[in-house]
Every structure is written in structure tokens, then in C-alpha cells.
Amino acid sequence: MSELVAPGLPAPQRVGRVLTYRKAAIASLLFPFTGVLALHRSLRASKLAKQGEVEAARIEGEKARDWVWYSVGIGLLVYLIAFFVLLLLANNAGVTRVFMSWKHLGNAKAWSSMLKGFWINVQTFLWAEAFVLVWALVVAVVRMLPGKACGPIRGLATAYVDVFRAFPAILVVYMIGFGLPKANVPLLNDLSEMQYSIIALTLVYGAYVSEVYRAGIQSIHWSQTAAARSLGLSNGQTMRFVVVPQAVRRVIPPLVNDFIGLQKDTAIIGFIGVQDAVARARFYNNSKGTLAGYTIAAILFFVVSVPLTRWFEWMQNRQRSRVEGGRH
Amino acid sequence: MALLELREVTKAFGDNQVLRGIDLDVEIHQVVTLIGASGSGKSTVLRCINALEDIDGGVIRLDGDRVSGRGVDVDALRREVGIVFQSYNLFPHMTVLQNITLAPTRILGVSSDQANGQALALLERIGLADKAREYPDRLSGGQQQRVAIVRALAMQPRLLLLDEITSALDPELVAEVLNIVRDLADQGMTMILATHEMGFAREVSSKVCFLHQGVIHEEGPPEQIFGDPQQERTRAFLQRIVEAGRL
Amino acid sequence: MKFKKAAILLAAAGLVVSACGDDKKEADTSTTKAASGGTVDCKPVKAGVLSVITSLPGPNFWGSGEEDPDKVKSGIEYDLATKVAEKCGLKMEFKNQPFDAIVAGQVDAKSYDIIFSQVTITEERAKVVDFSVGYFKADQGIIVKDGTEVKSWDDLKKMKVGVQASTTAEYYLTSGDVPGWKLDGVKTFPDLASAYAALDAGTIDTVMIDTAINLGQTKQMKGFSVPAQFKTGEEYGAIYGKDNGKKAIFDPILKGLVDDGTVNGLIAKYLGGDPSKVPFVDVPSS
């Protein structure tokens, strides 16, 4: 029995562990401005330890460690900013001139043209996302239908997912934008380019998102399904009331991820003739001999994407603190 | 004719032959307890009765009607046979009240007002009415299990299966759950229990079945099984239980 | 639940937003003022309007420095199309389509009368579309920093050349199908603006594209000039749907506008230089 009980560390070692000499030294080398503080504290800590003031030494050591982390964070930020400033100034401010000259960024007409185009991107991704959320769930559920009899339809769904994940989105947009009208399918052969784009993006993103849903559904422990079915709920009811609600909550981060990706991918619809923000940026650039149009388009995408991400995360945190009780 | 009949039921999981021919009758209002070592098949028997598992051979009948094998409407079966699990399996994204009313409203078509009323009445009886709008993980294990029992009862089943419902609970929470089972037994609920709580089994059962290696090795009234077991294996099993201080 | 609400809100927003003004054909359209006194019955696909298609951007051919493609009201082909429309007594309306689709003959012939999009007439393309008479000489010129000497093909070989995708220059220089023209290390850019930006940044030494277009660019890029061009004998043509009879109607009009100097006048107006004055440099025969 006594071999099972470990001897433990001798007391002086336990104090020494908080002195973090080395980390502090590195910090002070790489990030001189704040790293010095870390080093200073760790030296004080060791001095206190030598004087036998264990408690004070531990506290200093922990402060030293904190400062190591602060140094890394602040230091990296400063280096990044410095890098960008250098980048912008290099080559006689070449990057600035081409991408960011005020002549173009300050041109209100440029912004108004780009905003008109961006409106199309926004509409496209709102529609596409709404369809994707529903369509992908259908595909995911179909892929998980139980029983031999459902084998063929499961196979169809799997084939759909494989096919549409295989092609770059832009090729799908092309094929749908030009192929569908030719196929002369009633209802589908006289839509606008934007509507074709929405269909194409829904098909492509539906494939990816259905995998996300499927992973979420599979992550719900079978005991939940067992409990629901045991109450007499049918497979469909179990999915609808018990499994899918839990699954969707779980996969919100990857769903948001794909949503953001979809927003960006609306930029490809310019290739079938839609004058969206990026197409208009190209027009502006060719008109004025610059590349600043792309910068404006980029800013527009950024301004929409970042607040949306933050909002989703905020909502999810609220959700979690409600459902998971005292854990937060 | 018994309410529930199992005849020569066999079940294997891959190479593991868990049930090797179970014969069991459960009369209405009876409380049947299954005891036996882990892996002896207690849970499997219960899960075969409510069709969570398909049986390989034999037949199960409810009220003389075959409920095992192909072509059986399992959803209808499960409306009549309730089950409570060892790990409660409450739905974490729904409140206690919603957990209880989900099945009655969606399956029996009960209006949500009526379902809520019935659920609250049931919760009152077990002293958890004030938790009606809480989410499951704000409740202790014992409370969750009691809610799970109420959830199963809300469907007014004819037969209730209880699969080691106290095994996952802290000892001080076991009593409150057993009290409910005792009440249900007094009210005439037909139940099949799989349990390690021998003292409780002795108190509340009409019949005790000792499962060993996939068959019912011995069955009889609790006085016989616990007091004067006929079979060697039964004696050996109970001996180990006594040594562990659980009887 | 909150997430569901958010998703529904977003979908509803999209619905409301899209319900207002989502016209059938979303590709942009613009219209000129109605002209009177047309002399030819042009049988337009849409009454009262000459339906024209182009592929934006087409700097100096469609637009002259506007920010907004909807506000294009000038340019060589814009004015040319307008004049054609005038002769028909029609307004001019244009829509945008991708260049790839145009040269592959994939634009629905029932949706337009004529296409003007700086398209070079080639045999391959003529298999899938009908071309008009040529209206613009498409010999290939190069734009370089002032002072760079290009007197022979060897001089060109020493330079890093950039071209735009899907153009004659790209085809001639990279395909190897045209004897003597093949160059190594040619960089292809998705559009002209990127190519010119690369030139400005110094990552390439020259851009090869139709001489007139390069000439027009020297107005914008100070310190650059067009010292040489290479004869291809090719021309721009307008495009009609295959065998749909439009050629018989519009070719005479177009030819008239070329012969009476209208087109040259437009070139001078928008590109501010005479492509025919740029010296020709010989291309080796193999």
C-alpha cells in the first residue's frame, strides 16, 4: 500500500517553482519595454526567497509570471503595429498609394457606388443563409434516417454532399448561372442572376453546413434519443423536439463560421454579371487606375462581418448561462 | 393471462449472448424485481420489453398481443410501457415542466393547459412543484430522477420499467426516490425493477427474479429469495451482497 | 431558441429587403434619351430600345472615369452604340454580362440586339458567334516606363510581360499556337487594373494589350508611354446571335460609321492618341 502514496516535493522546491527566472529573462529580451518589469519582479522574488520570506517570494514570483504574459501580449501588439506601419511606408509608400490613397478612399461617389453593390451582397447572403439553414438540416436528417429501406435516399443525400463539396463555389455559380437557363426547366429558367447565385450558394453551403448539423446531431448522446423514443415520441418528433434543438445549440460556432464564409463568397457572384460590391470595385479601379476600390469593398465586408460575429457570440454566452445554470 | 409475457427471449450483442432464454410473467399490479450481477442481463430485459432493443428469438406479449419482432407499432407500445433510466436522461434544453408535458401534448394531444395542470399536480405530490420552471441541471440527482419518474407517469402507462434508478445517486438521495416507488406500488402500478437495493426490493416486491448468465435462475416471493434461496448460485450472489453491506 | 429567432429575423429581413425592387434581370441597365428620326427598321428584341450587352469594366470604351457603373454615359463603344441606335430611331440600353460568356456565345440571343465589348475577331470565336465588320484595329501595343527602348522582339524578350486574362495578347504570347509570338514567364492578371498596378509597382516591366487601350492608359499613368506595337491584323467586332439576321441589319450601319470617320473621332476623343502613329516592330516568323 505504501508504494501507492507519492513522496511529494520538498518544500524549498515548491517555492522555487514560482520564481520563473527563465521565462522572465526571455520576455525581457524579446519585449524590452515591459519584459524588464517581469525580470525585475522575478529578481526581487529570488532575493526574498533567499532572505527566507517564502510568502512574499511566492507573491512576487506570481506577479513576475503575470508580467511575462502581459509582455508577450503588449509586445506582440506593438511589433504588429510597427510592422504594418513599415509596410505602408515602404517603397515610397507604394502600398498606401495603390490601396489606400485618400483621393479614392475619400471619394463619396466611390462609396455610394460600392454601397449599392454591397446591398446586393447583403441580400444574397441573407437569402442564401436562410435557405441554407433549413436545407442543410433536411439533408443532415435524411442522411441519418435509420433502417435498410432508407439506404437509397441516404445515398442520394451523401452523393449531394460529396458533389457540392467537391467543386469550388465559383464553378457552381457559373454552372447554375449559365446552365439552368439553358436547361429550360419551367420556373427555373428565367430567374435573375442574383436568384441563380442564391441557388448556387445554397447548394454549395448546404453541403458544408449539413455536415456541421450531422456532427452536432451525432454528438447528442443516444440516451436522449432513447428517453424520447421511450416516451412514445416518433423518430421525427424525437428529432424535432429533443435532438435537433440540442444539436443546433452545440454547433453554433461552426455555423457562424460558415455564415461568415458565405458572406465573403457572395463576392463571386460578380463573375456571372451581377454588379455587386466587388464587381463595382473592379469597375472603379479600372476607371480610375487604382486598386483602392478593393480596399473600400474590403472595409464594407469587414464592417458587417465583425459585429455579427460578436453579436452571435454574445447571444450564445447568454444562452449558455441560462441553460447551464451555475457553471458560469 | 398475464399483463406481460416473455417466452424464451434471447438476445446477443455481437459475440456476447446476453439473454439465453428468458421466461417471465408479470401480472397486473405486480411489482417484479430483477436482481443479479452486472452483465447478467437485467437492463437488457427491460430494454427488450419496450423495444429499445430487438430480440433475437422468443416472443414478448402485452395483454396477449405480440409486441416483439417485425411490424409492431413501437410508438404505441411505448405509450403503454414507461421506463426510467439510471441516468435520468432529462432533456437539458427544456424546463422540468416542459420535460413532463412534451409527450402528453405531442402524442396524446392533450392541451397544454391541461398537461401543465396535470404535471404540476404530479410535481406537487412529490414535493417539487417549486422547481417546475427550472432547468434540469439546477436540480440535484435525486430531484432529477424523481422528475424522470413523473415524466414517465405523465403518459399514464400500464407498466413501468425502472432500470437501476438509484444506482447513480448519492446515498442520501436514494430514499426520496424509493419513496415514490413505494407509493406507486401501494397504488397498484405494475412495475418491473432492476435494482441493487436489496432491502428495498425485499420490502416492495411481489416477486423477485435472480438472473444469472442470461436466464432466470430462480424466481419467487421475496421471503424465499432473500430468506431461503433454493439455488446455490442465488445463495452465493446474496452472500457477496451481504458482505458488501448492502443487505 | 434565441438562435432560431435570430435566424428567422435574418430571413425575414432578407425577404422584406429583397421584395422591394428585385427585378427579373439584375444585371445593370442604363438607357439613353429617345432619339427621333431613325431611318432603318432594326427589328429590336425589345420595342423602342436597342438592347446592347457589354462586359464591364471597359475603361474608355464604356465610361470615362466614373465611379459608378450605373452612371456610365460616355465611352467609345457607348457612343458608337448610341449612334447605331439613333440610326434605328431607338433608345440605347445596355446590360452587363461576363466576358467569358460573351465570347463563348452563351448569352441568350433573344435578350439582345448587338454586343460591343472590345472583342477581337478570331476564327475560333466565329464558330460560335457572328461577328460584324471590324471597327477598331486591335494590334497589340506595349506600355513601358518612359525611356525604355523597344526596337525589336529581342528587347521584348528581356522584359517581364503582363497580360489580361482572356485577351488576344494572352493567347498570342502564351499558347504557342501563333508562330514567333511565344514568350516565357508571362504573367496573367484577372483585369487590366491589376496589370497596370503591377507595372506601377515594378513587378512587371510592361503590359501588352490593344494599342489604343495602352495609349489611353498613358493619360492616367504619368511617366509611361507606348513605344511599339506588334501587328496582328486583328480587329474588334461587334457580336450578333448566330445566324439570327441581325448582321444584315446592323453591319451596313456600322460600316457607315467606320467609313465616315465617326469611329476614329471617338478613338481620338477618348484615348487621346492615334494608334496608327505608334511604330510597328516585327515579330519573328517562328
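Each chain carries a letter (A, B and C) given by its place in the written order, and its residues are counted from 1.
Throughout what follows, contacts are C-beta pairs under 8 Å (C-beta built on N, C-alpha and C of every residue); 3 or more make two chains touch, one makes a residue touch a chain.
Quick caveat, the model's predicted, so the values are computed rather than measured.
Peer 1: Hey, which chain ends up farthest from chain C, C-alpha centres compared?
Peer 2: Checked the centroid distances; the maximum from chain C is B.
Peer 1: What chain pair shows the greatest number of contacts?
Peer 2: Summing C-beta contacts for every pairing gives the maximum at A-C.
Peer 1: If you average the Cα atoms of chain A and of chain C to get two centres, how far apart are those centres in Å?
Peer 2: 39
Peer 1: Between chain A and chain B, what distance separates the C-alpha centroids? Give it in angstrom.
Peer 2: 46
Peer 1: Taking each chain's centre as the mean of its CA atoms, how far is chain B from chain C in angstrom?
Peer 2: The separation of the two C-alpha centroids amounts to 79 Å.
Peer 1: Could you say which residues in chain A touch two or more other chains, in rising order?
Peer 2: Touching at least two other chains: 245, 249.
Peer 1: Under the definition above, what is the set of chain A residues touching chain B in their complex?
Peer 2: My answer: residues 223-224, 226-234, 237, 241-242, 245-246, 249, 322-326.
Peer 1: Of all residues in chain A, which touch chain C in the complex?
Peer 2: Checking each residue of chain A against chain C gives 91, 94, 98, 107, 109-110, 112-113, 116, 120, 122-123, 126-127, 129-130, 133, 178, 181, 190-195, 245, 248-249, 252, 271-275, 279-280, 282-291, 312, 315-316, 318-319.
Peer 1: Considering the complex alone, what residue numbers of chain B touch chain A?
Peer 2: These residues of chain B touch chain A: 50, 52, 74-76, 78-79, 82-83, 85, 87, 89-93, 102-103, 106-107, 135, 137-138, 151-152, 155.
Peer 1: Please give the residue numbers of chain C that touch chain A in the complex, ascending.
Peer 2: 1-4, 6-7, 10-11, 13-15, 17-18, 22-28, 56-59, 63-71, 95-98, 101, 106, 108, 191-194, 196-197, 200-201, 217, 220-221
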